[in-house]
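Below: one structure, written as structure tokens.
When the chains are written out, they are named A, B, C, D, E and F in that same order, and each has its own residue count from 1.
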């Protein structure tokens, strides 16, 4: 692989990358990665209830507010690049052109790993649709005959980040990442999400409890690492290793 | 964890460790691990058809022949230590005393990782039973109140090695290990199994095809590693990492 | 929630609501609910074989006949309102406009619970598609930014009613409803389906056998309720309660 | 069913009932139920690490300490009756006599519902074994020919309470219970568990986050109930109802 | 395989073979098979409620009555041989001696196919336990080193017959058998079960509805066979064929 | 069914039918079937890397080369008819017109069985999409009201042929077919695929190992058939039989 270390996050709505993998983003930036975030939509219709309760608000105003929040959060996380595709939400619709634009991004980034939502979500069909798109786009980006001449994609891992109500989504984490050293950045990014105040403590609780899982799985009462905050991910593809 | 690098393989019958993780054993020995293999039985009744077709053969003779083969295979793989618990097969029966003896072994070895069979096997109930036992023994070995004073176990990964007819067992590999550089040792170990000649090429085919999977998942046609032989494993527990 | 008690059934084809939840409809009407049924199509192409065997029959004539049957059945069940979206069948196609029209209906009804098909159906892809649409429409109806000013939807349960060949569909009922007191209405509605005479006794058998399950699960031989006819449903979302 | 309202909790180790269903217990006591807790073991070997680190401690002393904690927690939760079967842990072993003794308890209590662990637990085989036993004992208690003359059991629901690391256990909650009004009792019971201080905040986080799920599933941003603390349960058997 | 065509049914309780595979038995007897039924228990404790309600009844009397019913049913089905192992029920316990006795039977019969219960049953743990035993016994019977000199078993299919409440058991039929021509025999056998009158019509309904599934899957409205009664089975092992 | 024996293979890309069911095709041609292969695309973009590495190559040239290879392979397998729909790949897109054209083919062929890809494939979304289409098309072809007057389809089995990395696809074979006598034809067809040389030995290994599974499941060491090459398939629908 290339020397440049990169990663790509595909977020259905503007805020998803914050709650679900903000720690991974900040940590990998710190590790020298360039992390690109693509927000397929602003979550303007479905995840901006507080804004819509303001009298006289317009769709454009909601989008602008959500974009502003997301950009601030991205800054807090040291995101390398954030892109907004403005494809609409509730429902998100990704047509062929949008898919190919996303392929262009994937090929430009050449990510070592990608991130997106859980495979299933009966509460939020945008989420599972985003993951379908991520898989399809990964496949297209690997095709030598798609835009011949562009550098084709290798076989980056696709990590599914933590959904809300994990059990209902059939999401099972098989990787825990210690985000203790960047927790302050993640909390700062979370606090950029003014319209979803009710989730600030929720995802702080999640990070604390995932740290408990990190401690248990890294040794438990006989030597586990003392992580304070962690994130969980479900790797879709098998891992290739030289040592177990 | 300790400086000493160790691993423990729990094999229902004498030959299982050869077909299913012989490459992992040889490779980790080469990497400086001490790998201990525990054969719960010799596979004397159920996996020694060829021997039983000899006129006048006795149970003890079959066991001795199987033990001899397994020891030779262990040597070929540079196994650090091989132990035979002689608990009987078809069916394998592990009573409380045997469990506790196995706990003693686990605690003495203090493995960084353990290996055993698939969780389900409708053809060979000994196999899935061995894995149940491996999980139970791991739990007991972690208990501070079991033989207080002994060093308790941490939280080693349990890798399920490849069963025969993987799809019927519900086994899904999530780790591929490149065993190209120790393939000769694995093939030599395989050839120690005189009574199961029909499996020699079968597991050579498996190793070649798993290498194809390794190549695909490590980059495919855009940079995958050129492994020639590989083994697949299903990790039961989540992995704890500092970088994805 | 509002004082008005309402429910919404989304039926892929004209007859599905009769076989699969006719009892639930009649019972809830009796309990004071207003039940609205939406037939996405008439099942004109795929579920009207008998009509198509008549010489000279036209598509419009088949639709009219199916609509007539469905209206008669709805009357027999005391349905509050039945709407026909005429979206075509085999395959059913629900475009963005149709989705939004369905959202309007959902928001107008404000159902306490919704009903649709099983999540999977390899025999009839219209069925599983209808359920995908039901989930997506539920999500859109919850979005504050979709048609701002309309009353947004709460979080109604989605019950999946009984498919044909339940086991092949991965459908598992977790609720049984006693429909004994409205059985006559359901049987009358069933008998409105002239083109599918072969299913009359089939679904009578189903109702009798589900009553056996009701009896078993409500106490068995030590106090189970003596239901004669029942229907089974699979609730998609968790239930929120004050007492178990 | 009888007028007396009763429930039965089968806890593998002494503390499990506190973390996993302490709220349900306190709430149902408040609602007039008599809740009986059966601790199959004290968790003396496997869940008492802190005690075992004390110099010179004995098995009996550990058991006594754990029993004392459990009794204090039971008092804090207003438990009607707590029984200790002292069957040993890591591994828990329930022989035929113990099963039949448990059947006697089940029949004496005649619970409207039962509670036990998740069906699967690769970290703690005692937990899944306790649930197997709960199912088997429920079946025996229903048999008219087992101790004829005793009152046989009806068909009580079996709720699986929340395990640690839910996703690894394949546990999916389908019922959320609002425990806000008894949270103080649950927290007090939790604080009786002196040896597991590291879990106090963990299970407080869990209760807060399950309340978020309660709010979402009871109406979300359009009317959900404002629960502060909740518990989740997985009902094993279908529910029998007269209204959906 | 041998010229003699044989089959073996392993029934946890005395009546199970009647409801669940009576048609398959009668049909294969008609086709020239010799079908052996092994009843592991009489179902004396758990499935004889009606008998236990008689004043002064004894365990032996219940067993005798159940045996009598089963023998009559076997006659009605033209069963070649029925054997009663009298291992007790609720719970059924099969120790090592009983397993080996069952192996002797399997080897004596040399069945072309075996039948037993569903893999999972949270209502009746005896049922799933019987299937575990069936799998284990099949494995032992295949071992050349178990009672050397006996003829070892080949690889007969194991069909799981239809449980009560199929969906709760995770049972999915992949084979439907037309039993129309022997239905009278099955109904006659069913009517031998005097203590379980409530199941007579239940399993008649099942047979009629499975015939509907047979018709659908054999061609539907374009040529399906007009079966009137059928049974469903889940084959555990793959089928080996020369033509699809 | 008709006297004419026919089968239909729906292949997402031009080469899939060769690797995955070439043996079944050649064997059934030999058995008197007329096998039609439909290639939805040429695999021109995604499965022709070698061609795209040639300087100055055009899309049309790649398609022509792939078509030529596929036609040669079809000849080697004695395919009755091969049709190319040229719908594009990476991603494959099947619009309503293409679906209806496929329905016409299905109705013209009136297959006794159909074949397509696995239900799930996170590496290659074209594959799982082809299977969705196959199911939908099968349903439309059964509708009496679709193109009334055409002969409607019965209920042919849908076999899912073997995907690459079976375990990741959730594919479980339940039928093994002995292709020993046509292996030379399959190998010849494989060798027509000049651009995918790296798969020649891979799928030879697969065929040899599936033959091992055939031997095991047809009798094992006590009478299994000595197949040398086999293919595995997953039947989607239950089988209807007169004898087990």
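Throughout what follows, contacts are C-beta pairs under 8 Å (C-beta built on N, C-alpha and C of every residue); 3 or more make two chains touch, one makes a residue touch a chain.
Which chain is which protein? Per UniProt: A, B, C, D, E, F = GlcNAc-PI de-N-acetylase.
Quantities reported herein were computed from a predicted structural model and do not represent experimental measurements.
J.: Which is it for copies chain E (GlcNAc-PI de-N-acetylase) and chain F (GlcNAc-PI de-N-acetylase): same residues on both faces, with over half shared, or different residues?
T.: Both copies touch with mostly the same residues.
J.: Determine how many degrees of rotation, between 0 and 180 and to the nearest 5, align the Cα atoms of chain B (GlcNAc-PI de-N-acetylase) with the equivalent atoms in chain E (GlcNAc-PI de-N-acetylase).
T.: 120
J.: With chain centres defined as C-alpha means, what is the inter-centre distance between chain B (GlcNAc-PI de-N-acetylase) and chain F (GlcNAc-PI de-N-acetylase) in Å?
T.: Measuring from centre to centre gives 36 Å for this pair.
J.: Which integer distance in Å separates the CA centroid of chain B (GlcNAc-PI de-N-acetylase) from that of chain C (GlcNAc-PI de-N-acetylase)?
T.: Computed from C-alpha means, the inter-chain centre distance equals 52 Å.
J.: Which residues does chain C (GlcNAc-PI de-N-acetylase) have that touch at least 2 chains other than itself?
T.: Each of 49, 123, 142, 144, 168, 173, 213, 216, 221, 237-238 in chain C (GlcNAc-PI de-N-acetylase) touches at least two other chains.
J.: Examine which chains touch each other and state the graph shape they make (line, ring, star, complete, other).
T.: If you draw each chain as a dot and join those that touch, the picture is no line, ring, star or complete graph.
J.: Of all possible chain pairs, which ones touch?
T.: After working through each pair, the chains in contact turn out to be A-B, A-C, A-D, A-F, B-D, B-E, B-F, C-D, C-E, C-F, D-E, E-F.
J.: Tell me, which parts of chain C (GlcNAc-PI de-N-acetylase) touch chain F (GlcNAc-PI de-N-acetylase) in their complex?
T.: 44-46, 48-49, 52-53, 57, 59, 62, 89-91, 93, 122-126, 168
J.: Which residues of chain B (GlcNAc-PI de-N-acetylase) touch chain D (GlcNAc-PI de-N-acetylase) once you look at their complex with the stated criterion?
T.: Within the complex, chain B (GlcNAc-PI de-N-acetylase) touches chain D (GlcNAc-PI de-N-acetylase) at residues 96, 99, 132, 135-136, 139-140, 142-146, 148, 158, 236-238.
J.: Name, in rising order, each residue of chain C (GlcNAc-PI de-N-acetylase) that touches chain E (GlcNAc-PI de-N-acetylase) in their complex.
T.: 49, 123, 164-168, 171-173, 198, 201-202, 205-206, 208-209, 212-213, 216, 221
J.: Show me the residue ranges of chain D (GlcNAc-PI de-N-acetylase) that touch chain C (GlcNAc-PI de-N-acetylase) in the complex, using the header's touch definition.
T.: Touch list, chain D (GlcNAc-PI de-N-acetylase) to chain C (GlcNAc-PI de-N-acetylase): 1, 7, 24, 27-28, 31, 113, 142, 144, 151-155, 157, 159, 173-178, 213-214, 216-225, 232-233, 235, 237-244.
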